Structures are given as C-alpha cells and as structure tokens.
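Common to both upcoming complexes is chain A, partnered first by chain B, then by chain C.
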Partner chain A sequence: MNEKTTLTFAIMDPPFESARSTTFFRLLNVAASRGYNINVFAYEGGVHLPFNKQKRHANGVHGTTLEEENHPLPKEWVNELINIAKQNNGHIEWVNCGLCADERGIDETVSGVRRGSPADFWKLASASDNSLVIGTR
Partner chain B sequence: MRALQIIEAGYRGTLEEQDDTIIWLTHAMKGIDADISVLLCGNAVNYILVDQAPPMLQFGNWVQTQATDIEGDLVKLIDKDVEVYVVKEDLKSRGLINRKNIGGIKLIDRNQLPSLLEKYEQLWHW
Partner chain C sequence: MLISSRDPFECRETENLYRLAVNLNNNGHAVTLFLVQNGVMPARKSAANRKFAGLIRQGIHIEVDDFSAKERSIMEKELKKGINLASIENIINSLAKGTKTIWH
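After this line comes the complex of A and B, so read on.
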C-alpha cells in the first residue's frame, strides 16, 4: 500500500435526482483537498455526471436569467475537483463504465474521464486503502 | 483482496437491463478472478426463487427478445464458485422461507452478519 491515502468511489446515481450525488461530490472535495489519490468508477446513471453536453438554463420560476441562475453543472464540479486534487499533489482517476455510457448515449465527457469496465473498478479498489459504493435507492 | 457485494435493492432496472446490474458486475469481476461473494438482503432475497418469469416488454413494434433471468444468472455465479449468502430473516418476513429456491445458496441469520462481514476487506453495499 502506498503512503498516500488512496480511496475508490463507485457511484450509480445520475445528477439532479437525489442528494446522493451532491454528497458524493462533497466527499470527493474533502479527499481532493487533503491530497488523496481518488478513483471513481461511475456505474449506470453515474456516467451522466461528467457528461460534457450539460447546459445551463434560465429559470422562469425564479425570475433569473441564464447568467443569474448560474445553474450547477456536475461536469464543472468534476473539472474543479480534478484541479483541486492536482493542486494538492493528489490525483483523480475517473472511469466511466463504457457499456453504461453507450446505452445512455454519453459519448462526450470532460477531460480527465476515460471509459472502462468492471475490471477497472476491481483493480482500482484492490489498490486502494478503502472503497465506498454509493448505490441507487 | 476479498470483497462482498451486498445487494439490497431488488429488481432495480432489471427489465431494461435484462439482468441485475450488480450480479452482472460480479460476473464481470469474477472473469478476472476477483475474490468476491454476494450477500442478498431486503427485497433482493426474492432473487433466489425458482420459476420467475418476468413478462417480456413490448412497446409498439419493439418486442423484447432476451428475458431477464436473474435466477439463471445467480446459478451461473454459484457455478463459478461465488458464494451467495441470503439473510434468513428477510426471507421469513416476506413469506419466502419455504419456497423452492435455486439451491447452492448459504442462508445466514442476521446476527451472524458481523462475523461474515469481517471476512472481507471491502464491503460494497449497493
């Protein structure tokens, strides 16, 4: 085991559906800020999180313009967290399940995300200090 | 490393995926010789019953051709020497304890869970 803490996360939830996805990002934020090495295996709906075609929208109910609403986009959080990890001498390896991405048409992700398989999850988890699975409920 | 897949959410997306996604994941990991076991609890204990026949989906001209076969997928997993544990109390509370099951499973009392979980380095509760 390396001296630097390495954590692996598996996430199944898509964004904008439950508090699990934002809680997941908060956990990543703490780990990245501490300079941990972080692995993410996005499974099933989780592959939507770094989808590069997410777009902001205005909000008529709020009475806000597109700029004022500044709607949260998880793809930007992924970018930010990758940068935070780097700034703290850590690293985020984000693997999107390839078959899960195909069946959902997630054909474009932010930089730093790669396609992979369950074998990647097993290998990453095996080389980690611990893993946390966040399943859909 | 030894890992335990804890499956509690039964029939999550199984009609459209044509399998349980965590059982599928376990098959894929076993394919690279992962030392992995499965614990079924909650509604997922229903997976061990035989003669499940989920209806084929049909929307307009689109007709499903590959039926979901969770019991078959579990049998194949057991044939690959993956241990499949099932929480006995969850079967009892659902009136399923005396129903015919696929065999090869390991029934476990809830109070035995701590000693089972201690055998694994990682616990993945899906």
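After this line comes the complex of A and C, so read on.
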C-alpha cells in the first residue's frame, strides 16, 4: 500500500437521473481536494458521466435561453475533479466499463478516462486503502 | 459506517439497513449511520418510524448530511434529539481510516 491514501469508487448511475451521482461527485471533490489518489470504476449508466458529447441547451418549457439555463454538464465536473486532484498532487484514474460504453455508444470521453472491465475494478480496489460501491437500485 | 440514501417511507428495504446497524451494534461493533439524500427524512422530529426510533434507543451514532438537509429545508433544530448535521467529509474520513463503509 502506498503512503498516499488511495480510494476506489464504483458508480452505476447515469447523470441527470439520481441524486446518487451528485453525492458521488461531492465525495470525489472532498477526496480530490485532499490530494488523495482516486480510482473510479464507472459501470452501466455511469459511463455517461464523462461523455464528451454532452451539450448545453436552452429550455423552451421554462422559456430560458442557453445562457440563462446554464445547464450543468457532468463531463465538465469530471474534468474539473481531475484538475483539482492534480493541483493537490493527487490523481484520478477513471475507468469506464468498455462493454457498457459500447452498448450505449459512449465513444468519446473527456481526457483522462480509459476503457476497462470489471476486472479493473477488482485490481483497483485490491490496491486501495478502501472502496465504496454506490450501487443503484 | 452505513450510508443510508433512501427514505424508509418510500423504500421499505431501508429497514433492513437499520436492522443491520442494530445487529452490528449488538455484536460490539461501533456503528455510524450517515443519512444522505432522501435518507435524511426519518431524522425529522415529526417523522414516525419505529425501526428508526429503535436505532436511537440503541444509542447508534446517527449523522445527517448538512447539504441534503438544506436541500429539503430541514434545520438542525428540527432533527430528533441526539442527531446532528455533519459534513460529507465524514464519509471520506471513514474511508481514509479504513473503516468498512457500505452504501444503501
């Protein structure tokens, strides 16, 4: 085990659906701000979180423009968390389940995200100080 | 640490988590129940859930995510006696210490 704290998280929820993904990002923010090394294994819908083709939009129902809507994009949060970790001498290794990504057409992600398999989750968790699985229903 | 993210009035399965907390406590383990998202709802004074009340009777340490409470307009004074608001940093503290941490 390294001297630096390493934590592994598994997330299965896609963005814009459940408060779980928000809580997950809040947890990552704390760990990244402390300079911990963080591993993320995104499984099933979780692979959408760093999808690079997410786009802001206006909201015709609310009558807001694109600027007024100021729609949050999880891909930018992923990017920012990777930067926060770096600024604090930590690191985020984000692994998207390759099979889950292919099924969903997630062919482009933000920089710093790689493809992997559930075996990577086992390897990452085994090499970590602790792990948290945020399971969906 | 057990993280409870669901409202027991919406998801009866949550009571299984409460039962796990009681069983762990009865077996001599230090247990913290961290309530987050809709999991904070039974911590309100006005919420009546017998299984949750049992946790308090057993002396299980219960913390309420301050952000989740704020989102739901729940103030600290509205929480049941012995339950306090806490930062989500406590979950990271628990993980960093190597404490077994389970999300439900």
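Keep this in mind: the second predicted complex is superposed on the first by the 137 of 137 C-alpha atoms of A that agree within 3 Å, B and C clash if a C-alpha of one lies under 4 Å from a C-alpha of the other, contacts with A are read in each partner's own complex, and residues count from 1 in each chain.
The criterion applied here is as follows: a residue touches a chain if its C-beta (ideal position, glycine included) is under 8 Å from a C-beta of that chain, and two chains touch if they have at least 3 such contacts.
None of these values were measured; they are calculated from a predicted model.
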**OP:** With everything superposed onto chain A, say whether chain B and chain C fit together or clash.
**Re:** fit
**OP:** Please indicate which partner A:R26 is in contact with in the superposed arrangement: first for chain B, second for chain C, both, or neither.
**Re:** second
**OP:** Identify the partner contact of A:R34: answer first if only chain B is touched, second if only chain C is, both if each is, neither if none is.
**Re:** second
Subject >> Contacts of A:A119 with chain B and chain C, given as first, second, both or neither >> reply: first
Subject >> chain A-centred angle between chain C and chain B, computed on Cα centres after superposition, in steps of 10 ° >> reply: 60
**OP:** Quick one: classify A:T5 as touching chain B (first), chain C (second), both or neither.
**Re:** second
Original post:
Counting only touches as set out at the top, which of chain B and chain C does A:E44 meet: first, second, both, neither?
Top reply: first
Original post:
Taking the superposition as given, does A:T136 touch the first partner, chain B, the second, chain C, both, or neither?
Top reply: first
Original post:
chain B and chain C, closest CA-CA distance after overlay, in Å?
Top reply: 5
**OP:** Using the superposition on A, tell me which residues of chain A are in contact with chain B and, in the other complex, with chain C.
**Re:** 130-131, 133, 135
Original post:
Can you list the residues on chain A that touch chain B in the complex?
Top reply: 10, 12, 43-44, 117-119, 121-123, 125-126, 130-131, 133, 135-137
Subject >> Contact set on chain B toward chain A in their complex >> reply: 1, 3, 9, 12-13, 21-22, 25, 28-29, 31-32, 34, 36, 122, 124-126
Subject >> Interface residues, chain A side, partner chain C - complex >> reply: 5, 7, 19-20, 23, 26-27, 30-31, 34, 36, 129-135
Subject >> chain A-facing residues of chain C, complex >> reply: 5, 36-38, 65, 67-68, 88-89, 91-92, 95-96, 98-99, 101, 103
